[in-house]
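Okay, so subunit A shows up in both of these, paired with subunit B first and subunit C after.
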Partner chain A sequence: MEYLIHLGILVAIYAILGISLNLVVGYAGLLSITQAAFYGIGAYSTAILMTNYGVNFFVSILVGMVATAIVSLLVGFVLSRFREDYYALGSFGFNIIIYSIFLNWQSLTRGPLGIPGIDRPEVFGFSFSENIWFLVLVVAAGALIYYLTEYISKSAFGRVLKAIREDEQAIQIFGYKTIYYKLAIFVISAVIAGIAGAFFASYITFIDPSTFTLNESIFVLSIIILGGLANIRGSILGALFLILLPEILRFVGFPSDIAAQMRQVVYGVLLIVLMLYRPQGLLGEYKL
Partner chain B sequence: MSKNKLWIIVGILAVLIIALVCLSGSRSGDGLSKPIKIGVMAILSGDAAAWGNNAKKAIDMAIEEHNAKYPEKQVETVYVDTKGDSKEAVTGFTKLTKVDKVQFIIGPLFLNELTSIDPLVQASGIPVISPAYTPKENRKNPKNPLLMWMDAMIETERIARYVIGQGVKTVSIIHSTDAWETSVAGEFKKQVEAAGVKVLAVETVQQDANDVRLSVTKLIAGKPEAVFLSTYFQYINSLKALGEQRYSGKMFSIEIDDYLAGETKDFVREVLAINPENYSSDFSAAFEKRYGVRPGMPAGHAFDAANLLLENIAKDSSKESVFNDFKTRSSYKGVSGEITFTPDGKTLFPTALYRISDGKIERVGPLE
Partner chain C sequence: MKKTVWTVIAVIVIILIAVLAQKPSKEAATGPVRLGGAFMITGPAAPVGELQQKGASLAVETINNAGGINGRPIEIVIEDAGYDPKTAVSAYQALKIKGLKLFIMDGSSVVSATHQLVVDDGNFTIAGGATAPSYFDNSIQSCRIALTAKDFAPGMAEILRKHDYKNVAVFLADNEYGRGLASEFVKAFNGKDESIVVTEFYSGSAGSSDFRTNILKIKAQQDKIDAIVFSNILTNAEGMLRQMKELGVNKPIVSDNPTFENPSIKDFSLLEGTEVVDYEYTRAIQPTDSAKVKGFKEAYRAKYGIDPQYFGAGTYDSIMLVAEAVGKVGEDPKAVAKYISSLKNYEGVTGTYTFDNDCEVDRTLITRGIKNGVKVDIK
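On to the complex of A and B.
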């Protein structure tokens, strides 16, 4: 049961991350490969505040949200001027910069040694140290984010984003300042990723830069492509698939000498088959 | 995709994983002469898979020897692939302890993995022995996990003292983003600077970079008298680039194995490195006979870790007994030599200075 709860927590955290990226890639059509950076800023803010200054998790998550909002505003301002491939490249570069900061600003982040001993959340004397309670907390946060993003996607703001995705110049003719819309969704997305990072740091109780590499951004991108772009439920389904599938393969009785490699091969083949069968993802309404 | 189809997919996934977890748990539930289960956390895929597979081979050897010697205390291993990743390590540890219900654990192999599972180790009370180094600030209990790897800070202090003793006045340092390598580089810099040696450059390169020429150019731009290679993962590329740029100063390093020595045969004049004393020749010969290759860096340490645990199990396989042994143990004689465990959680191996040239590693003398 404990193992399933653990997987449930990971699925919930990655679903939040997936939802956050889907807002930018799925709804606004901006290919961003930088989600791990914001995920990391949220995680590091929480870890530093909790371990160095004894700040409560719920306060540090708020500070983390503000920190990610400020950074994403600055980055988004630059990225909003780019389109398509250039946007992807710019976001790619930003992920590398943030990773390097985590790695090299050793007086703050402890570099590759990471930050250990991050506490679990506590509120009014109640600690979420039991995994089951942590699962409840992260699922509750996920549900809140789900409804918030569903609301955004169905609002007038969401419709403008979709229009930007389909034809940015056309919507500009109608007087919409698309740069503000792109910037706003980028910041919202980053803040949500920061929340996922805070949960991750508190759950694993240790973070180091290796968690926030470009590979992680690509993994989150895979979640939304598999689950379906421009569909919030697709992000949840994608997270469920990509977290659970490799775990299921742990139980397949391959000989121990080749088990790890076979697991990777089967996992890869299944993803390829799935993408051949459903190129728009499981629930997608838009293709990159 | 229709809603019904979606729920069918989610349902199948959920049922599948619950069924597998339940089946896996029930397999270990009954039977009178059930073997003792040991979980092994190793990096079996990804960038550092060669490291993990080397350790796995040695652990397999130790388990086979034990099972042949003690038929009444058979041991069964359950492997989990941690990929060198914190999250995967936590998942692996949870699976081993909650699903496979192992009694003991060997591993993990990397600092970040060990730190991330440390709170779980403390909560579970399962004895863990790990062929890895992790600073004591990252661990709550200095003796569980019991570390079977030379304390990197002390090993660095020894090689730094040697470099200072050689009269080197300027040095540059290169290392990868790996946590162990970064710790070693930082400590080396601290030690040599305290002795008045000027550090001209410290270059950090990606663990899996294919080309480090630019970093090496910067490394030797100030013409340092010596270069310290604080890297296992980028040792070959660094030396290749140093060779191409005809660097003629002294070169020092930490922990080099036969593989690295062989791979750098064509472009290395001479590197002086600190290593744990050679593995016993019996172990090296047995390993080579079985696998057709010489044991790499982690093999002897992993073999010793497995044997220390298995020797305990042979005496008394209760967790408490093994746990007490870890707590009180001050030394162990393994294939890597006489290993010392200090009360504050440091692990010391006998070390020596080695000369690496022409693809061979030659022992120069002890370096304590």
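On to the complex of A and C.
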């Protein structure tokens, strides 16, 4: 049961991350490959505040949200001037910069040594140290984020984002300053990714820069492409699929000396097959 | 389509629940003794994981051929922990639901993420090669037989002093081990007139292959330095040494066991003249080897066609330690931890171990060197 709870927590964290990226890529059509950077900022903010200053998780998550908002505002301001491939390349570069900061600002992040011993959340004397309670907490946060993002996607603001995605110049003719919309959704997305990072740090209790590389951004992008762009439920489905599938393959019964390699092969083949038959993703409404 | 998708997902979840709902198998006292192995089979440290698997497999075979543990066979269930905290926790949880309580886990990222879980669950784990400082946790349920940067750095400083090298360059990986070694070396090499002229950290990422920028920065200071403190446990080590040679870096190198045992270094002439702080263990059979060590090296060579490198041998020792403990005190993880942490002068194949109150090992380090492309002991 504990293993299932563990997987449930990972799915919930990655679903939050997927939802956050879907806002930018799916709804606004901006190919951002930098989600791991904001995920990392949220994780490091929480880890540093909790381990160095004894700050409560819920306070540190708020500080992390503010930190990701500030950083994403600055980055988003620059990125908002780019389009299409240039946007992707710019975001790609930002992920590398943030990763380098995690690695090299050792007085703050401890660099490659990582930060161990991050506590679980506590509120009014109640600790979420049991995994089941941590799952309840992260699912509750995920549900809140789900409804918030569903609301955003169906609001007038969400409709403008979709219009930007379809034809940015056309909507500019109607007087919309698209740069502000792009910036706003980028910041909202980053803040949500930061929340996922805070949960990740507190759950795994150890973080180091290797978790927040470009590979992680590509993994989150895979979640939303597989689940379906511009569909919030698609992000949850993508996380469910990409987190659970390799775990199920642990129990297939491959010979132990080749099991890990076989898992990767089967995992890769299944993804290729899926993309061949559902290129728009499982629940996708939009194709890159 | 949406219905189909949700149906597929429902099936996946049901399969998962069905698999996981099975109670952890509790073997009778006559069934096999089962250990869990979380190794780095994929990811940037996969070559090390492969050696660990080989060492584990040989240990299991050796024990079973000798009649098992008190007549019971031993079995190791292996899961891939990648070199990633998230995968490591998943691997540990997967092993746990298979009913395992005694673990062999390795790799700094892996043990940093899992050792507290193991301790909190009342289980036991031992690491053969992890060097993470976070593993110093005051718990005997998480043991380690590898030494860390804290031990290697003073040895490297001693070699430098022996040669009267006062000014050095430090060239290490920008990873957990390299940074730790650099910080410990600063503490160890702080005598009168001793100075670190230049420190360069190269990328610790698996794909990095061009280190000329770092090397040229060291070369620019070559006239001011007497030696280079160098370590590389990654797959790019031989390429890096070639680049140093090509660019004319010709100062003596002082290094450590992880570099010396790096599976990717095939051409030892690139390390000619290097002196290394090393474990007593060597992969080739030595005239001084005990019957136990010689038997291990011969069996490894017969099974895999290569000499056993330290990482595989360390995993072999880890399993042998756990097997001995189970034979003496049974499978209760706390009893196993108590037994192993109280061992003094245990003869493993990679050296002689004495454990402290944190179940960290105390073992001998020696100096070795490369002369005419061959590893030799240095008195």
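Please note the rule applied: the second predicted complex is superposed on the first by the 288 of 288 C-alpha atoms of A that agree within 3 Å, B and C clash if a C-alpha of one lies under 4 Å from a C-alpha of the other, contacts with A are read in each partner's own complex, and residues count from 1 in each chain.
Definition applied: contacts are C-beta pairs under 8 Å (C-beta built on N, C-alpha and C of every residue); 3 or more make two chains touch, one makes a residue touch a chain.
Note that the structure is a prediction, hence the values are computed from the model and not measured.
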Which of subunit B and subunit C A:Asp208 touches, first, second, both or neither: both
Touched partner set for A:Phe174, first subunit B, second subunit C, both or neither: neither
Subunit B versus subunit C as contact partner of A:Phe124, first or second or both or neither: neither
Residues of subunit A contacting subunit B in one complex and subunit C in the other: 1-4, 6-7, 10, 103-104, 106, 111-114, 116-117, 200, 204-208, 210-211, 237, 240-241, 244-245, 247-248, 250-251, 256, 259-261, 263-264, 278, 282-283
Of all residues in subunit B, those that touch subunit A in their complex: 1, 6, 9-10, 13, 16-18, 20-21, 23-24, 44-45, 49, 56, 77, 79-81, 84-87, 90-91, 94-95, 98-99, 111-112, 115-116, 118-119, 135, 137-138, 177-179, 182-183, 186, 204
Contacting residues of subunit A [partner subunit B, same complex]: 1-4, 6-7, 10, 103-104, 106, 111-114, 116-117, 200, 204-211, 233, 237, 240-241, 244-245, 247-248, 250-251, 256, 259-261, 263-264, 278, 282-283
Residues on subunit C engaged by subunit A in the complex (per definition of touch): 1-2, 5, 9, 12-13, 15-17, 19-21, 41-42, 53, 57, 76-80, 83-86, 89-90, 93-94, 96-97, 109, 112-113, 116, 132-134, 174-180, 204
Of all residues in subunit A, those that touch subunit C in their complex: 1-4, 6-7, 10, 103-104, 106, 111-114, 116-117, 200, 204-208, 210-211, 237, 240-241, 244-245, 247-248, 250-251, 256-257, 259-261, 263-264, 278, 282-283
